Structures are given as structure tokens and as C-alpha cells.
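What follows is a pair of complexes built around chain A, which joins chain B in one and chain C in the other.
Then we have the complex of A and B:
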């Protein structure tokens, strides 16, 4: 069966590749277009035992990749070469190590049909059933290698079907793999079919999808299902400024390493509703996920994003503050329930309170708990639930453990043509024990306050000062963070930053994490040189944000697209 | 299989280099055809990005990207004047994924931005444009060709963007 499918796939692939040469003339324009992007980010690691910077045998490490894309009218082909033989330390830690052509495809697309053979990324709905995606900065690449067909038989009706084997880092032995994914999605957008609806301020769409994973069920102790399916239904309704969106998903029995090999079905519900008009936006979201971790191979640990077929969104506020990087909430597909509330308000410009340029305000609140679990009787003396239905759960009941909570306020305002001011205050509660596996069962509580001042010297030169303070008695204690950035538009950024862990309870750990960086940008090329100590978290400088591990050294990065 | 693929691929990439014809069309690139969504959930193909022969600005951004918001806020303060003088239209394409995609509408309205906002929830357009990091911004001329592009934001970049827009509109 699989061999026949692979054979069909090869024919499809070759047919797609040959389309441009067969249809010379009308459907090809000129000689087509080549584009691409290249990224190199290297680091020379210096030892520093105090900050826990990992000591590595290879001191010089780099992540390098090149994407090439050829497009000619309706036809495109592309490939990516990745060189990660000695990758940055955090990539090595997650097993993202190797080299080769990890992505290649041929694609034909017109208004009615799109056919892809080779590697592809795809998302059904909110990603509850399928989300093949990449996040290169984090070392996530869950692309599928196979075939995809998208059909639009009538404007407003979209049908997708996919079949593929999921990428597993640098393991290219697709023929030996005993697992694959297939599925379909259909969406009907009513206001595209009935344009009069939009005129009256209505929008409605409904969709549904089904994704199934096949995996060789060989196991000595358990009778494992060869196929595991996930289905979902979703809708969106809008009337003028009011919107409501929802998706419900259900996963049929999927014993796996992450859930302790239990046979319970998984389910998820996501509802988000919002009201907005010019100058005001309010949104409220609810999420509940239970046993929804869904992977190509059941023995994959659920601590990495490896082989994840679906993706459950986390609804908390997405912080970019350097000091809160260590306390970023990661969604818990096997059990979380919570709410998020956010309001954005713009005090209009040229008013007494809003000032000449207007003022932007944001308030947000989110609270996430684990789910209620009533465990069934343990099947053996060790209390293992392996092979049972695991537990039952009351659908709307919040579990007794708080996982995460944020409450925050942000304000930004231009004072005049030179000065701009931003203020924020956030209160964060974070369960280190359940989210990061730390022994300490006390909740982390932190007060974070920040001031950002921008002074525009003239039309090209600007100075930015970012001061943040995190007050806490738990974990690593209190921090102070200062960043001064000087920019010369459009080419240069220079920055000096220091994060000082002055409140650490251990005297020798009251460390200064200093950092200096220079960045040169021309068009779509960015060259950046950086020296210093970096703590784990999200770092934003030179106009971009990326995730970084604890490290000390000299870094060089070159990113370009053409 | 891979060998055949790369042989054919190689031919495609080598072909245009030795080709003399159509050198004019190769000067600027146009937008790829990618299906993304409008804020109402309707399908939108990126090749339909249009402004009736007037200049177009495309910005790739996200609600969690501070420099992106800084850039779009800086432009928002000047946008009324820009539109009046040049007829320019800004398409702000959000790459927010499911985590924050549902907050894009209230965010945009809450900031009182008057841009044309679209959603690229699985970064398909971003990938087709070969964009590595956001913020990314490009300017399209009357033929919808990409004549200027830039990555990252420094205060004052908006002046250069407007110079480019004015040049196109005065043509």
C-alpha cells in the first residue's frame, strides 16, 4: 500500500516538475523568477560556569541554511539546504543536528486548484487537528513530506487533502518509517457565496477537518491502535464589530508516552469573542484541552515539539520583556483550562487626555489551571495507569493547580516630535513545579515594571532607553535590566545592555549579564555582531526578536533575502 | 528520485542566467500568489493586492513584535497626510498564529489603525516572500512591482519609506 502510494507520488512529482517545459507560451511568463534567503548565525562560546553556560567541545558553532525558490506563473519549485553539523548549543540539545536538503517541493496553483508534491507546511483551522509549521529560531520544523491538493470548486468553498510523512530532524530514511499522516479539511465561507451578507455587516464561515495517523502497532504488552484519528468542527460569526469564533476537537484513543499510555479520548474547546470599533478593542477567550498531544510516533517525549502533528495554542499574553523570558507559558495540550481578557484603547489624538498624537493603552489578564482529573483505580500496585482509561474529568471544572496568571497594563504615547514614552506594569504568577519540573512547589510571583523612553535627535538619529525591574522573592529573585540603543536610520543599531540579578539569594549568583551589539542593515540584509552573556529567554535588539539560550561569547549573524 | 529532482531544479535555476530575453521583467519582482485571509475570514489571494495604479506599502508584522508595532504606529501618525498626498495604501499582513490570531482585530481597532489588515496564520506568504525576520516592509510601484524593501525598524525609517512612495506617485 505504502509503496504504491510512493510510486504514485513520484509520478505526480515528476509531472509537476515538467509542467513549465510542456506548457511553454501562454502560461509561462518570461523565464520566471528566482528568489531565496540565506541565514547564518554563529557563535564563539566562552566558558562561564557561573551562568551555567554549557561547556562544549566545539567552541565555534553555527546554524546555516539557504532557501531557493523558482516561480514561473502558476508553477513553483523550491528547496532548502540546512547545515547544522555543529549547531548552536540549544539546537544540539534538542537534537537538531545534521545537514542536508531538508525541504524540497514542486507546486502548481491556479484559482481552482493547487497541487503540491514534496515538502509542505499546512494548517487546518486553528491547528487542533493539523499544523505542519516551522519556527526556525526555535528549531521547530514539522513539515510533511508527501502530497497536498487544494480545491476551490466554488468561490467560498475550500477543500484540502494531505498525505505525508513528518520531518524528524535530520532523519531522511523515509522508506523505513512506519508512520504517516493523512487528512482533509473543508471550509465554507458564506459571505463569499452570498456577497449581500457582507454588505449588511455579517460574516459567517464553518469548517471541519479530520486527520489520521498510521503507525505500526507493534508492542509486547499493549494492544495499540494502528490508526489514531482527530476530528474537529469550527465556526466564525461576525456582525459589524462583534465577533465570535470557536473550534471543538476530539481525538480517538491514542495511548502514547506523553499521556502514560492511557486509552482515554482527547478533546479541546476554544472560544474567543471580541468587540471592536475604531479606537477600542476588547476580547475574551476560553480554552480547555485534555489529552490532545498528537504525534507521528507515540514514543516521542512530550517535552519537545518534535513530530507534533497538531498544535494547541496558548492563550496567555505574549511578553517580549527580557526579564520575563524565563517565565513564558507554554501550552499544555494534555490538560489546561483558562481564560484570557484583553482590552486595547486609543485615546484619540488632539484631545486633552490623548495629547497631540494620541495615546495607546492595553490591559490584559489571563489565568490558566490544570484540568480536573478523577483517576480510575490503578491497574497495578505501582499505581501505573498504563492500559486503562486513565481518568475522568469534569468538563468545565478548573483543576486545583494554578499554572499561570498574568495581569498587566501598558501605555505608550508620543509627547512631541522628539520624545516618546512607554510605561508598563505586570504581575505574573507561574507554576515552576508543574511547568518546568522544578522541585520547588511554591508559585513564582513577580512584579514587573518598565519605562521606555525614545529620544529622536533628528530625522535619522534616535536614542532609546529601556529600563525594567522585576521584583520577586522566588526562583532567582529580583532583576534590573537596562538597555541603551542608538540607531541611525536606516542602517545602524548600537546597543549596550545589562541585566543584573541583584536579588539572587546566593551571593555568587548576583551576576551582571552584559551585552554589546552592533547591527548593520541594508535593504533585506542584516549583519549583526554581538558580545556578552545571555540568559535563557527572548531577546529583542536591532529591531528583531528571537529566542536565545544561556550562553557567553561572541556571536555573528548574517541574514539576507534576495 | 532526489537526484532527478535536483537535476531538473538545477536546469531551472541555470536557465535564466544564460537567457538574454525578458531582461526587463526580471528587474523587479512581483508578488507571489498565496492564499491568506481577510479579517472576516474570507480568502484573499496576495496577487490581488492592488491600489489602482497608486503606490502600495506591505508590512509583515505581529501583535507580539515590538519593533513592528513601533513602525506601524510611527506610520499611523503620518498616514492621513501620506494618503492625501500620494494615494498610498498600506497592507499590514499579520503573521500571528493561532495563539494570538483572534486578537488581531481588536488590536488593530484598538490602535485605530486605518490599514488594510490581512492574516497569514501559518506564515505561507512570509515564506513565499523569503522573509526571515519581521518587521519586513516593501513598497510596490504602479505596476505592483517590489521596488524597495527593508527589514527591521529604526526610528526615522518612515522618512525614507515616504521618499520612495513620493517618487512613485510623482511619476
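Then we have the complex of A and C:
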């Protein structure tokens, strides 16, 4: 441990030494270039029994990492050192705790071939078969350790093959791992092969992928498949402003903890189509997933993104509003069906309605259900479906349980050279029981309205006010949120925010979650200091979520790239 | 780049690769293996509650290439067993990097089991422990699951002597098939689901073992876990709630075919634990033959 801590301090010291010179631009070694980024995010935790924030025994915890990349012509090598031995408490809760060089690779690339050895991220199509990716904020790193080959034998034909073991937080004991992933993907882009197509406004491609995982099938009671495969086919067609894209995937029997060890095949269909012309855009998306949770290890709970090989795209409108963060849709790879419709319209500028600068309007609607399920006979007196085909399902029939629905309207308009106004209203229906495992089976219904006003005082000084109100009788009740941000371009940002749970049914829980923050930006370095409270809830990105415990304290973050 | 031979070559290679990758295993029903859950066809004698004491399960983690295991693991454990012969039952699991067999002798024998490896990952690795160590009754002692030998006795004595249940075991071995019949009787109600785990262990296995820097060729391995007869365990009843004075019969079997286990050295260890907390309520052991 002492050696590891010493190593950390050496890295930090080196990084701090490098930052002043590196921020001036990229450094060079020989003919190559060295680049990277460094991040420190620490917090001093204070107890607050009201919001259920506990005091960390270590007082101060932090997430730290350093990425280094060396590139020389077609060749590159890179590595990441992570120090998460005493991480922020939400990372510790998901098991993201440890330290070491967690990502390292060597890569060679030319027009014909790209080979990578070591760690890599990769996605096939929409991710139905493979999505090895990272999301630092969520604590997800599903990178693969192994090898990847990409070949472009002909312009417009792209072939990829991968082979590796998936990262499992900080458990790098690969010799004892009994699982690995391999797969391939091929895509043909016709308008690259036939350039005249694109000249006429056509663009079309087809692709297919196959990913298989191996896992030791030993089990006392069940006959388990050692090799489980997922295949998919996809196409994209575009003509001028019209675009349609679709992908269908099918997974062979994959009994696992998430599906209750049933043997039914999985499948997923995603269709999205859109039309756009100047000032107008309309899109419609449809998704259906059924038993598609696919992980390197079958005993991993499906309440975590850990060891997830594939990923289902999230079609619902993505909100950035603070009060709706806790009601983000959580993708359901094992069963969801729904659609989303969105229209954007720009009322032209210099018109009576559009005003001098024009007005942007957005309306959107999403509705997602669970899928229809006709269960087979249980395998035991407990009602378990373990060791059966689970259920049958009509492909296009919606299940009886509504998971999520939103309908919303947004408007943004610049009033003059100083003022800009944004208005929005959303009505949300959310199944807390099925999406977050809450005991309450009542649907959450919330009306959310917000106003955002930006006032540009002069070329350097600006003020932003963001006021939101969430009205609800369910869950934690109604909230008010107010944020005032003052920026002095290009270096300083100051903000004060308060989220007030004034409608909580328990008097003592009508809490103010305040936050005060100051940020200083110089070139590629960002230093932030914040103090305040964070409510317990979920944190999501693209339908992938994790729980976040309540916290209270002072946070400092330093992020730089060079 | 736009070279026809390359194009043909890589298209062919891709097709071959994809064909190889189509290595899915389609499982046809029935999905359960030949059931090792069998009918209980024996009668258990009545047992007087006053004659039952709470026994403690010690799960030892060891490895054939672990240099300290004989002196820091097996040795102290044998002394503890000698001191508390009626209080303790031991299961030894070989797991971790030092238990990994080599391709060539002397350490080419694989003592590992998936069951043991899973427990090792849960109770030792995830807790920052190392081999040799032991977990006492799947409870924490001074905040830790994996304990060094200096803490074993204190951990055993720290567990309350309250008798929750008794476990009776009857073993029958015929035609290379070992059938284990169990009867669990509860003397207290338990709110959480209770799981029965039934393990096969073997004593007197002669196989090489590191001891310090030397290799002991004829080392005697005891209490070595060979198999779990019921996977990760089976619930005792469907409701998950255990009533006072209720009894549960359960029988499982395991085949000795295709194994080098010596039935004369084998024993059955049955224990029941709280599914929520992991705490072991009772453990018992009988000779398999």
C-alpha cells in the first residue's frame, strides 16, 4: 500500500509539474506528440442526518486519473492511471474502488488496417451486440482487454473484429476469469463505393455484427450454455432531408441472474426516422427489447451496468433539468416497448411571431411500456421460472404496465442583443416501482415548468437565471429550484442554486438543497470549488443509471488537458 | 488500398471468422440437469432439543502453492479442531492464484471448485483478504470476514450459543451414487429465508504442497471441498419464513463417476444460513460411507 501511495504522489507531482508547461500546447518526444488529461475530483464530507448524508470516516475522498497518449505518425500508445482507493462515496457503493494502470494500449493505423492491442472501446451499430464504453461520471468502464483489428479492404467496406476480456471495476485478476468476449462487424456504405449516389443526395449503408461470449458453464442444477451469441442486422437510408435507420438483434438462450435463468431467446428492434428542412425537423423512433441483457458473467445483477456487453439506445427526450434528473428513464433491455415523437420548428426571424431573432419551438412525446408476457408454467412451487422458457410475447403488443411517459414543450427566443428567454413545460408519468425498484407501485405524475433567462451585461459579463417548478403529489412531492449564474468571460463562473422540496409530505423533509460554486477556467484547465447538498436519487446518462447517495460537503475539482 | 486480392482475401477471412464465431450453444429442454434433488425415503430418529448444541462452520481458504498454508492454516486449524472437536466443522476450499494448477507436476492437480472460487471472491478477495485465512460462520469478527489464525478461536467463541436448529444427516452410497438425506428442525422462528447448503468434502488426500520454500510431496490434505450437492443452496420452504418447531426434509445426490474421489475418505457437511445476512445457524457432518 505504501508503495502504491508513493507511486500516486509521484504521478500527481509529475502531473502538477507538467501542467503549466503542457497547457501551453502539446509536448513532443522525438517526432511524436504527447497529450493527455488529468482529473481530480475530491470532496470533504459533512454529516447531515436530515438528508441521510453520512460522514465519511476518511473525511476527504477523491477520484483521480491521468490519461497519457503518445502519437507518432500512424502509431500511438496510451495509458490511464486511476487512483480510486478512497473514492467518492457513490463510486465506492458501486464497487468502483482501487488503483492502478487500468487502461493501456498500442495502436497502429493506416488507410487499410488498424490494429490495437491492450485496452480498447468499441461499438457495433447501435450497440445491440457490443458497446464497450466508459462514462466517468457514472463510474462505468466496460472496456475490453485484448485485441482489435479493423480493416478497410475497399473504400466503403469496413470490417472489425474484437477479442478480449471485459473490465470488471478494479478486479484485474484475469487468470481466474472464466469469461471472454469475441465478435465481428461488417458495414458496407454504398455511397462511398458509388460516389454518384451521394452526389444525388442518397446515402445508404447496411451492416451486420455478431458477438459471442464464453463463460464457464459449470452448474450443479442447470445445463448452461458456454457460448452465448448475439447477432444483428442494420440499415440506414437517407435521401436529402429524409432519413430512416433500423437495427434488429437476436440473442440465443442466455440464462442469467437478470432474467431469472430462463432460456428464451432475446430480441430487439429499433427504428428511427426523421425529416428535416430549413426551420423544421420531425423525428419518430420506436424500440422494442425483450430479454436482451447481455453480460460477460451471468451472475451479475442487472441493476448495475457492470460487465454489460451491449447497450440499448434510449429513445425518450433527454432532459437536463435538475428537478427531473431523478425521474430519468432507465433503459430496460429485458423488456420495453415504446415510441417517441419530436418536432422542432424555427419561427423565422424578422416576422411578427418570430421576432427579430427568430424563435425555436420543440414539442415531444414519449411513451414506453413493459412488453406483453404470457408466462409458462413455473418450474417449482415457489413460482420460479428458472430453468424454463420463461414466457412468450406478442411482438408488437404493449405490456399492461406503463413505464414512462412524457409530453413537453420548449421555447427559446432571443429578445434583443442582451436578453434571451427559454420556457418549457413537461408532464411526466414515471413508474418508480419498475424503473427504480421502489416499493410504491403508484405511478409518479409530475408537472414541470421552467424559465431560463440570460442577460448579457456586456461582452464579458453575463447573468443567467434558471427557475424550475415540479408539482407532484407522489414520491417526494413538489420542488422549487432556482439557480443564478454570473460569468465573467473567459475565466470566472459563479453560481448559487437551491432546490427546495417544499411539497414533501413530511414536515422535517421540506429541505433546501443549496449549492454554491465557483469555477475558474484558464486555457484547458478548469478548477471548481463547490459547497452544498446533493439529494439521494439516481444519476443517468442515455438510459444507463446508477444510484447516488445523499451527500453534503465541500468539493474541489481540477481538470486539465494538454 | 483498393486492391482486389486484398478485398477478396479479407472478405473470405471475415466470412471464416464469422462462421467460427457462430459458436452458440443451443440448449434443448429439459434445462435442468438430471435432478440431484431426490425423494427422501428414510426415517430420521427423533432428536431431543436438549442434546443439540450450536456448531460453528469454519471455511478455510487454502492453496497447494501457498507457502504459509501448512503452518499458518492447516496446522492451527487442526489444533483448534482438537480443542473443540464437537463445536467446529471445517471445509477447506482451494482458491485463488496460488491454487491454480500448473501444466506439469508437482502442482498439476486442480483442487478448485466453482463453488469455492465464488466464495473466495465474495468473502476473501472482496474483503481485501489473502490466503491462508478462514471465515467463521460467515460472520464478521472485528469487522472482517477473512481472519488470520490468531483470531479464529476468539471468533468461534464470540458466536452466541443459542440453538436455532438441528440438522440430521443420513448418507447412502450405492452404484457410485451418494444420496444425502437431511432433516432440519427449527427451535426458533426465523423471519428471513433460510438456505440449506450440502457439501462433499474429502480427507486424507495425498498431494504435493508448498511449505515454506520446500515442496512436501506426500502432504495430507484434509477437509477439501469436492462438490456442492445443491449448488448455491436450496430454500428449505417455499414461503421463506421458518416457524418454530417446523421440520424440513431434503435429499440430494451426487455421482462419483468421472471423479477420483475416495468415498471412504469423504464426508457430507450440511449447514443452514440466513440468506439475507449469510450467518450460519447450524452445521453438521457425517461420514459419506
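In the analysis below, the second predicted complex is superposed on the first by the 516 of 562 C-alpha atoms of A that agree within 3 Å, B and C clash if a C-alpha of one lies under 4 Å from a C-alpha of the other, contacts with A are read in each partner's own complex, and residues count from 1 in each chain.
We adopt the following convention: a residue touches a chain if its C-beta (ideal position, glycine included) is under 8 Å from a C-beta of that chain, and two chains touch if they have at least 3 such contacts.
None of these values were measured; they are calculated from a predicted model.
Enquirer: Using the superposition on chain A, tell me whether chain B and chain C clash or fit.
Expert: fit
Enquirer: So, A:389: does it touch chain B (first), chain C (second), both, or neither?
Expert: second
Enquirer: Now for A:272: first (chain B), second (chain C), both, or neither, which partner does it touch?
Expert: first
Enquirer: Looking at the overlay, what does A:551 touch: chain B (first), chain C (second), both, or neither?
Expert: The answer is neither, since A:551 touches no partner chain.
Enquirer: Go through the superposed model and pick first if A:243 touches only chain B, second if only chain C, both, or neither.
Expert: The answer is first: A:243 touches chain B but not chain C.
Enquirer: Quick one: name whichever of chain B and chain C touches more residues of chain A.
Expert: B
Enquirer: Rounded to whole Å, what minimum CA distance do you find between chain B and chain C in the overlaid structures?
Expert: Minimum C-alpha separation, chain B to chain C: 15 Å.
Enquirer: In the superposed view, which residues of chain A touch chain B and also chain C?
Expert: In chain A, positions 111, 152 sit in both the chain B and chain C interfaces.
Enquirer: Note which residues of chain A are touching chain C in the complex, please.
Expert: Going through chain A, the ones touching chain C are 111-112, 151-155, 157, 159, 161, 171, 173, 175-176, 182-184, 186, 210-212, 214, 216-229, 252-253, 255, 263, 379-382, 387-389.
Enquirer: Across the complex, what residues on chain B touch chain A?
Expert: 1-2, 4-6, 8-9, 12-13, 15-16, 19, 21-22, 25-26, 29-30, 32-33, 35, 40-43, 45, 63-67, 73, 77, 97-103, 105-112, 121-124, 127-136, 148-157, 159-160
Enquirer: Inside the complex, what are the residues of chain A that reach chain B?
Expert: Per the stated touch rule, the residues are 10, 13-14, 17-18, 20, 29-37, 39, 67-72, 74, 76-77, 79, 101, 104, 106, 109, 111, 114, 118, 121-123, 126-127, 131, 133-134, 136, 150, 152, 156, 158, 189, 191-192, 198, 203, 205, 236, 238, 241, 243, 245, 272, 274-283, 285, 311, 313-315, 318, 320, 331, 342-346, 348-349, 357-358, 360, 362, 412, 414, 454, 456, 459-462, 464, 487-490, 492-493, 519, 521, 523-526, 540, 542-546, 559, 561-562.
Enquirer: Mind pulling up the chain C residues that touch chain A in the complex?
Expert: Residues in contact with chain A: 1-3, 6-7, 9-11, 14, 17-18, 21-27, 29-33, 35-36, 96-97, 100, 114, 117, 125, 227-231, 235, 238.
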